[in-house]
Each structure stands twice: as C-alpha cells, then as structure tokens.
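These are the structures in question, set out in turn.
Look at the two complexes coming up: chain A is in both, with chain B in one and chain C in the other.
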Partner chain A sequence: MTRALKYLALLGYVAFLSFPLLWLLSTALKTPQEMAALDPTWIPRRPTLANFADAFAEQDLVGAGLRSLVVAVATALITVALALPAAYALARFRGVAGKIAIGWVLVSQVFPVVLIIIPLFMVLRRLELVNTLAGLTVVHVTFVMPFALWMLRGYVRAVPRELEEAASVDGAGRLRALAAVVAPLLAPGVVATLLFSFISSWNEFMFALVILKDPEVETLPLTLVRFVGPEGVARLGPLAAASLLATVPSLVFFAIIQRRLRSGLMAGAVKG
Partner chain B sequence: MTAVAERPYGRAGGGPRRGLLSGSGLTLLLPALVPVLLFSVGPLVYGILLAFTDARSGRNTVTSFVGLENFAELLSDGDFWESFRIGMVWGVSVTVLQFLASLGLALLLNQDLRLRGVARVLAVVPWAMPPVVVGLMWRLVYHPDAGLLNGLFGSNVDWLHDFSLALPAVIVVGVWTGMPQTTVVLLAGLQNVPRELYEAVSVDGAGTWRRFWNVTLPQLRPVIVAITSLDFVWNINQFSLVYVLTQGGPGGRTRLPMLFAYEEAFRYGFFGYAATLGVAITIVVLAVLGLYLWRQAREGA
Partner chain C sequence: MKRLGAALAVAAVALAAAACGSGGDGGDGGGAASGEPVKLRFLSLAWQKESIEANKEIVADWNKANPNIQVEYVQGSWDNVNDQLVTSFEAGDPPDVIHDDSPALSSFASRGFLLDLTGKIPAELQSDIPQAAWDTVTFSDGKSGQGVYGVPFLQESQVLIANKKLLDDAGVRIPTPDSPWTWDEFADVSKKLTKKGTYGVAWPMKSPVNKVLNLALNFGGTFFDTQDGKTTVKVGPQEREVLQRIHDQLYTDKSADPSALGMGTADPLPGFFAGKYAIVPAGVYLRQQVAEQAPDGFQWVTLPPLKGQTSQQGAVSQTLSVAADSKHPDEAVKFIAYFLNGPNQAKLAKGDWLLPTSTSAAKISALTTEENGWDVATASAKDLVVAPFLKVNGFDEWKSKVATPAMQEYFADKISLDELAKRLVEEGNKVLERYSR
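Now for the complex of A and B:
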C-alpha cells in the first residue's frame, strides 16, 4: 500500500472515531435556533453555555452525580479490599479453589446478565435492598470482582517471589514482609484496579435500571436517559451538555490509568 | 518454584486433604468468594431453576414447576425467534466488522505514520465513555433534524426509526464502541510478532501482502481467536447501548435478546419465561463459541 493510501485510511478512522464526539461538543454549545437550522454547522456561530445551566435546571444532575459517586467509591473500595487477599492467594498458591475461581472469572463473561439479574432482583427484594444505593453497590461489587481479581492477580505475579522470601529470611513475619516489601510494589496496581472498579460502577446502567425505581435514588446514567423524554423527544442542547459532564470523570481517570488498564485488559483477553 | 513448595504456607496439594487450597490460602480467598457466591453464582443457579417455573413478579402468586413448558412456549414464540434472529445478525456483524476495522486500525497504528498519536488517543476514548452517553451521543448524530449524518449528506432520514435502517445504524454504534478494546488487543499481538520472522520472509523477496498472510496472520491467530470469541459474547449480551438508542424499536427491529428478556421480566413480570430465554441464549452462545473454537483449534493444529 502506498503511503498516501495509508494516510487516507488513518484519516478515515480518525474521522469515524472523532466526529460523534465533536458533534456532541458542538451540540452542547449551540443555541436552540442554530440547532433548528436546516444547514447544520460544526462550529456554533454564537456559542453558549446556556445548555449546561439548563441541564442542571431540568434534571437533578448534582444529586444523581453524588449518588453515582457514593456508589462508585464504595464499589471500588469494597471490591479491592475483598479482592486483594484473594488475588494474592490466587497468584501465590496452587489449588483447586484457585482454578475454580479463575474459571469463574472466565465463565462470568459468558452468561447473559438477565439470567442473573432476575433472581438477583428477587433476592434483593427479599433483603429489602431494591431501590437502595446499598443494593446497587452490592451488585456492582459482585460484578466488578472477577475482573478486579484478574487484574490484581497479574500485579501480584509481577512481584518477584524472591523479595518476599528475602524478607522472611530476615526474620520478618509473613504479614510484615507483605506490608513492607510487597505492598509498595503493588500500590500502582491497586490504584489502577480501584480506578477501573470506580469507572465500571460509574458507567453502569442495566443493574441501576432494574434496581433503582424512584427518581430520588437514581444514579447518573439513569438521570441522563431522562433527557430523552417519554416520546423520545429530547431537548438536544441540555442532553449534550449533561452527557459531556457525565463523561468527564471517566476521561480524567482514564487518562491516568490508560496504560495500566490496557495491559490488564490485554492479559485478561489474550491469556483468557 | 521449588523453594516455595517447601515453605509451610506454600502450595497446596502437598498431602492429601489439602487439595482444595491450603488453609491460609482459602482464608484469603473467602472474602472475595462470599459475595460472588451469594450474588452471582447463587443467582445464576437460581436463574436456571426459574426457567422451569412459572415465576411472576407479583408477590402473591404461587410459583410452581412447569417442567419444559416455558421452553415449548419459547420455541413457538414468533417474537422470540425474531429477536433471536436480530441478536445473531447483530452479534455476528458487530463482531466481524469490529474485528476487520480494528485489525486495519491496529496495522496502521503499528506503523510510523504522523497521525498515529492522535488516532491512538482517540481509539481509546469510546472505551472510557459511559455506554449511556455513547447511546445519547449517537442519537444526536442520527437525529432527523439536527443530526450530523443528515447534515453531512443533506438527507432527511430518521435513521433510528426507519424499519430497515435502524439495525444497521445500531450496528455502527456497536462497532464504534467496541473498536478500542479490540484494536488495543490486536496491536499488542502485532507488537509481539518476532521481527526475525519478517526478516526471514523478506530475504525470500516476499511483498507486503505475502508478509501479512504468511507471517502476521498466523502469528496473530491465538489473539484473534480470543478477542473475536470474547467480542461475540459481549455483543450478544449487549443491553445498555441499544436500550438507550432505540429501546428495541422501531417495531422490535432492534430488539436484541437481552432487551426482549428485560421486557418480559421487568415490564410484563414474567420472571420464569425471561429466565428460560436467558438459558436458551446461553446454550446457543456456548454452542456457537464451542463450534468456532473447535474449528479454530483443528485448523491451527
């Protein structure tokens, strides 16, 4: 292939990947008049931030954002707290339980969520956790767990065993050795897993849709969908503005962990 | 490895009755396993059992086993077959298009081109966006009046409400969302192809295409098999994106199996029937995957 053709292809990809994003941004900054114009423009003639103000006025974005934040932070902390010891065990011990756990990580990817979500809903209803953020957090923890376990296991494996052994030989107890030698090396991996769990929960829609029924407990993705009215008639400007805002945390976190997450996902996908 | 085996807390299986995992290992696993067992494995088993009952969402109805009745009903349910067909069209086309587009992009990103940095960053963005936002964003692109697509082409089409265009339109969004992950995985695969192999065939005077067919593709094979299988499963299980885009409309033309099941369970309250659907889809997905992996393994051997 000639160089020119390659550039053309790459340009095509860049356009395909970026045009929807640019359109989202453009729509968020347009006045209703300009949006109604028959000849759509890329760059708003009279850019306005009114859509952002309208978005906050139309839906309880602050409340929803806070609730999403609470669920996502709780999910991340609980998931990593539970997964870290398990990941350590999976990386360092061999046994049937370990194989089963890894097997489950893979199997959990195959089963359709509906198969789990119905009984889960019935269980949560019995526990009176339907319509509560606690209920949603429990579910998010459960579903983020396999991948968090997978990621952390990789990070533990990357820590040479010799380091632990050296620490034990020096007379340090096993836990001391772990805390002093292994933990600092694991810190970046733990942070990456925390952020991954946070984003998974922040972005999650289906479980929230099933579990949270009242507007007072809705998380952000549910509130965003409210911008599309019951008849699908949407106020496009506020919708675009709110969508942009909801993406900001994900993008920030993603920028931080991008490379780590990549290697984690790669390990999961390729070795899986 | 050998040193570890000697340690008191070392690997299990040193003696009988330690097969499951040595004591401390199991203790470490337990905190993670309990929620997974309670809220994932448990419900999964319960869900499979539900498929054989007439469970409803109402609290007062008595649930009873109905054997294979749900399955019989499913097989004669035209709406199910339509949804099943749409699901397969969606699952296969998104997976295949995603793979082809990602392979192209990965090959380009693997080369020394100027736009590479921009494309690399962009290729990851869809991944970071909440699926709901992706759905809403594409609604803006497809909007009949203020949409980007009609603006570009000067057309006047209501893409998401057109009976024949809705599914292709949704498939494009599926490809857009799934591309980053597939690209990243393929790119990693490309970078792991040993350079010597290329040098070896270059000596034989092989051109770009020969190098691609004889070195790149065979070397990438395990990665390709892994990522396309996973993509297929993820695509079949897709819900949020399509729910936000079309809610399964128009007239059920984009009602993927997961949306069908969701409606049956949480709109109409037929828990048992929806569970049956879940079981049926799982069986089909496992069968398709099994066949694909089996063929790949045979060809690879």
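Now for the complex of A and C:
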C-alpha cells in the first residue's frame, strides 16, 4: 500500500511537471479555430501540422537551433573547464585571497544585466566580437561562471580531504590522487554544472538580443520571440510549434548527460 | 595568494578601463570602400505572416533595383524593441532604418538618437501623407526646436467587431461609416443584446489607458493641458464621459461582462466566437485574428467607431526612422521613400491589417473591399487625429505608475470616478512635474 502511494505520488509529480510540455504539444497540433474555442481540449479534434510548417517556413529554426546548440555546448564545456580548477583551489586552499575571491563571485551576482550590458557591448566591440557566436559564448561563460564556480566549490568541499591524504599515503602524487580519487567523486557535480550552464545559455535572451544583430547569427530565443506581436498578441500556433521544437535539443542533452550523472554517482560510490 | 589577488585586481581594472572607453570606432564600419555597395540595416517589427512576406518582398525588390544600396532585413519584435534600441543607441551601433511606433520616438528624438528628417523627405511622399499623421512624429529636438523624426505609415483605429447573427436576431440597426452608432445608441444596443448567457459587450481592459485616452477624444477629452511649456493632467467633464459610460455598461446596465476586464486585447475572442459577447471593441488589426480563428460559418462584421460629439480618435502611428549615427542617412531616406510609396504602403497595411497613412494607398481596392471589413476600417482613418498624450513628457511613467492601476481599480468598481480623477491629477502631476524641470 505504501509502495502504491509512493507510485501514485510520483505519477502526480510527473504529471505536474510534464503539464506545460503536453499543453505545448496539444497547442502546436491545433487549428486556429480550436485554439480559440472557449472550452479547451486536451486532444486536438483535427490535429494539424500546419503550425510546424508555418514556423519552419517563416523562421530559420534549424539554423537558429544549431547556433544555439553551438553556443550552449561551448558555454557549458568552457565554463566547467575554467571553473573546476578554480573551484578546487577555492575549496581546498583557504586564506584571505580565497575569501576575497569568493566575495567577488557573490558580488558579481548583484549587478542587474541591464546595468552591465552597454559597457559589455563596448568591450566586445573593441574586441570585434559583436555579432559573433564567439562573442556571445564569451558573455555567456562570464555570465554563468560565478554560479558554476559556486556550485563546483560546494561539490569539491563535499569530497573529504582525507581521501586525498589516504591516496598520498598509498604513494599517489597530487595529480594522481586528483585523477583517480577526486575526479570520479566530482563527476555528478560536474555533470550538474554542465547542465546548469547549458540551460542558462540555451535560454538566454537579453545578451543575444543586444550582441547579435544579423539574422545569419541569431539564436533560437531571438527567433521564437518573432511570433509575438504588440500588446502581447501572439501567433500561438507557430509559437507553440517552434517552442516545442526548441525544447527537443535540451531534452536530448538531458537524456544523454543524465546517464553520465548516474554512472558518475555509482563510480563515486565504488571509489568512496 | 598575493599573486591571485594582484591578477584579479589587474583584470578588474582592465575590464573597467575597456568598459569606460567611448566606443569610438571598431564597429562594423559604415563607410563602404569605393566601389562597394552601401549596406543599410533595416530593423523591422513585422510579425504577422503576410506582413513579414510583404516586408521581405519590398526589400528584395529594392535590392534588385539598387545594387549600390543593399538593405539587410533584420527582424525585431515589439516585445523588446526599446531595450534593443536603447542599448544599440547608447553603444553607437544602431540599425540605419528603424521601425517603431510614434510614442517611442519622442524620448529618442530629444536624446539625439534619431535624425531630423525635416526637408529630407521627397515631396511626393510628404504630400501623400496627411498633416495629422506627420503631427504624430513631430517632436522636440531636446533643445529649443522641433523636428520630424520618422515617417508615419500605419495607423490603428478603434472599431467594434460584432457577431452578425446576434445583431440581426436583436433587430438592431447596423451602423455605417456615414451613420455610426452614438455612444447612447451603443448603450441601448448593448442592453438589447444582453440576454441569458450573452453580454452585449466585452471591454478587455488589461491595458486601459491608451484605449480610454484615444476614445475620450469623442467628447473632446484630452487629459492633458500644456501651458507655458508645463503640462498638467486634467480630468473634467469631457474626460469623464467615456470612463463613466464604460463603467455604466459594466455596473448599471450590466450589459458588459466584468470578467472580461482583466483580459488583453485578443483574449475575449474565444467568448466572442462562443456567443458569450456580441461586440468586442478593438483595434482594427484584431480582424486578422477573427478571420483566422473564427469557427466555420461564424458571421462577424466590423462596425465603425462610435460617435460622441465627434468620431475623432487619438492616433499613434507606426513609423520608419533613421538613426542619427547612421553612416548613410541619405541612402536610408531614399530607401524609406521607396519602402513607403503608395502601393507598398497598401501591401504593408494589408499584411498587418492596419490603416495606411498614405492617401493614395487608402484608395487601393484591396483596402476598400467589404471583405473582412476593410471598407469600414479604412473609412475610420479620416477621424484619426494626433493623440494628445503623444507630446507629453513623462506620459509613459504617468501611464504605468498612476493611470493604469487607478483605471483598473475604477473599472473593477473599487474606487469612484471622483477618486479616479483625483488620483490621475494629483499623483499624475507629481510625475509630470519631474519631467518639466
């Protein structure tokens, strides 16, 4: 009975979480008439792919999606590559400089985007990175880095220092101890940070709006907003279809990386 | 550790120094080398399918005919265009040709971001657009003069979209542009149309301010009074008429559905199609949504704007402007003149379901056909005059901080008309005073 209740609760939770996605799917398959019906229907009466056709015909969804993917993957990888050693240093070597650095990381989260966007634009312009995916990636890495650093620092601190000491007693050098003992235990944290960085970059709109000026370089969030008109009036069908497609790469990325998250956890358990 | 601290300090100083730089050059450059075509960036806010197609088609035609002036079509969105423009103006890298609406131009003009087009617009285009429309883009230059900061090309009027069957069943007179309903007649008709399960009218008042201020001109209500360069808010008998009449429909006649008050412009449509509302007052562009979403066999009709003392309505317009920082202002003006010629304006108006400012475009048969109420919509353009709030410095803040919440409370029957008037004036004047210093 207890088990059944648990499954029931889990089912309810899954239904709650998947509601927006299912509603998006339902909307994307409806005709304009059905969308405007007073009594909403879950299952479209006359399912149509016209919204998908319109979305593809009007906007370069594939190109924008690929560009978003490039920026988001690059942001995730670069962020973790830069943040991991820094997080390790901040977690293990505690001193005045470390405290200042952590304070600086926290302070950097205080500034609203709108305050820094113009100076940032000018810096990028001097570096000739405006209107480039490289420029956007640099900004996303900068934007995501503080929180990623904070996350990873927490994961590093959770790995007992004694494990490294035990490895060194067994004859392993610092690098060997890091690679063989600490890295597997950190894997879940690294994967979680990758996910966080990827999603932050994938969804980011404001920086992309300001930095990317030509249609040839624009990312998916910029493309999606094209279906919204003045006074909040939107072309719901194509917007739902395009938004649904925009979630697919995220879901795939999650599906792939989630397996790593699980194996990382197990690897950590064995080593521990 | 000391090294780490020093490195962080150096990095912070370097970032600050770079950030504080003037920007100067380093952009994508505007001055095309000799022999290379001039490149213009055109930020368009078209969003309806037909409108995007029309925009792209006109740009393609221009590019084909003008190999030396190539225009790149860049699609923006209404939702965030002002954020996008402010950052690009401040950073000195705006699009050359900018699509926006006239209320947004005032502050950009006074801050020197837009080119004054006075004397630069070809005579043919100048004379094709009536002075009332030019008035919507004439603003202070931020010093002592005035200038024209955009070419107005699309306008919106408030019409009534009605369920034809319900009107016929109730046996009410169908108004025409020559003989529109008065507000009194509208109130009577709304009462007649109100039956069990059906309200005569739905007033979507999620954003009530522009709607009320535009309609208030029916009774000469302007809401603002400017004397000796100082603007104050006024809510006298003329300004109270429309407010009172809508309120009466909601709570005295009970011919308007109070549950529609929190809705945005398009939100009442499902109820309208289901026969819950007989009439929806709306901008002319909403006809597109009705035409697209109406169930098979649903009969609807566009009715002309209401008449008070006059049928006048406040108008704002969609505009094309040239950035003051554009490297090619003359070419940009040439492109605008082509983009907004009569036939092209007709295409754009048809695509966006709005009214062209061009008098020659308004005569084109596609915009005078009875189909989808184009004849009624186009005829309503004659009563559009410049919205008085358009010239008011601080209007946006007055609208968002004072007028919107106060009007929402009034329409929700939480405060009286006297209390509303008091708040609009007293709190409003405090806001406007800051802008007149």
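Basically, the second predicted complex is superposed on the first by the 205 of 272 C-alpha atoms of A that agree within 3 Å, B and C clash if a C-alpha of one lies under 4 Å from a C-alpha of the other, contacts with A are read in each partner's own complex, and residues count from 1 in each chain.
To be clear about the criterion, a residue touches a chain if its C-beta (ideal position, glycine included) is under 8 Å from a C-beta of that chain, and two chains touch if they have at least 3 such contacts.
This is a predicted model, so every value here is computed, not measured.
Enquirer: Pick one for A:L195: touches chain B only (first), chain C only (second), both, or neither.
Expert: neither
Enquirer: Which partner, chain B or chain C, touches the larger number of chain A residues?
Expert: B
Enquirer: Looking at A:Y88, would you say it contacts chain B, chain C, both, or neither? Reply first, second, both or neither.
Expert: After superposition on chain A, A:Y88 lies in contact with chain B alone.
Enquirer: Looking at A:P146 after the superposition, I want to know if it touches chain B, chain C, both of them or none. Which is it: first, second, both, neither?
Expert: In the superposition, A:P146 touches chain B alone.
Enquirer: Report for A:L17: first if it touches chain B alone, second if chain C alone, otherwise both or neither.
Expert: After superposition on chain A, A:L17 lies in contact with chain B alone.
Enquirer: Contacts for A:L133 in the overlay, against chain B (first) and chain C (second): which applies, first, second, both or neither?
Expert: The answer is neither, since A:L133 touches no partner chain.
Enquirer: After the superposition on A, what does A:E58 contact: first (chain B), second (chain C), both or neither?
Expert: It touches chain C, and chain B stays clear.
Enquirer: Quick one: classify A:M206 as touching chain B (first), chain C (second), both or neither.
Expert: In the superposition, A:M206 contacts both chain B and chain C.
Enquirer: Using the superposition described at the top, list the residues of chain A that contact chain B and also contact chain C.
Expert: Touching chain B in the first complex and chain C in the second, residues 35-36, 93, 95-98, 101, 104, 114, 117-123, 205-206, 209-210, 225, 227-228 of chain A appear in both lists.
Enquirer: Could you please specify the touching residues of chain B with respect to chain A in the complex?
Expert: Residue list for chain B touching chain A: 3-4, 9-13, 18-22, 24-33, 35-36, 38-44, 46-48, 50, 55, 101, 104-105, 108, 111, 113-116, 118-119, 122-133, 136-141, 143, 145-148, 150-151, 176, 179, 181, 184-185, 188-189, 208, 222-223, 226-227, 230, 233-234, 236-237, 239-240, 243-244, 257-258, 261-262, 265-266, 271, 274-275, 277-279, 281-282, 285-286, 289.
Enquirer: Considering only the defined contacts, which chain C positions touch chain A in the complex?
Expert: 1-2, 4-5, 8, 15, 18-21, 23, 26-28, 41, 47-49, 52, 72-75, 77-80, 83-84, 87-88, 90-91, 93, 95, 101, 207, 264-266, 269-271, 273-274, 276, 285-286, 289, 292-296
Enquirer: How about chain A: which of its residues touch chain C in the complex?
Expert: 32-33, 35-38, 54, 58, 93, 95-98, 100-101, 104, 114, 117-123, 125-126, 128, 130-131, 205-206, 209-210, 213-215, 225-233, 235
Enquirer: In the complex, go through chain A and note every residue touching chain B.
Expert: 1, 6-7, 9-11, 13-14, 16-21, 23-24, 27, 35-36, 39-40, 81-83, 85-90, 92-98, 101, 104, 108-123, 138-139, 141-143, 145-146, 149, 161, 165, 174, 199, 202-203, 205-206, 209-210, 220-221, 224-225, 227-228, 234, 236, 239-240, 243, 246-247, 250-251, 253-254, 258, 262, 265-266, 269-270, 272
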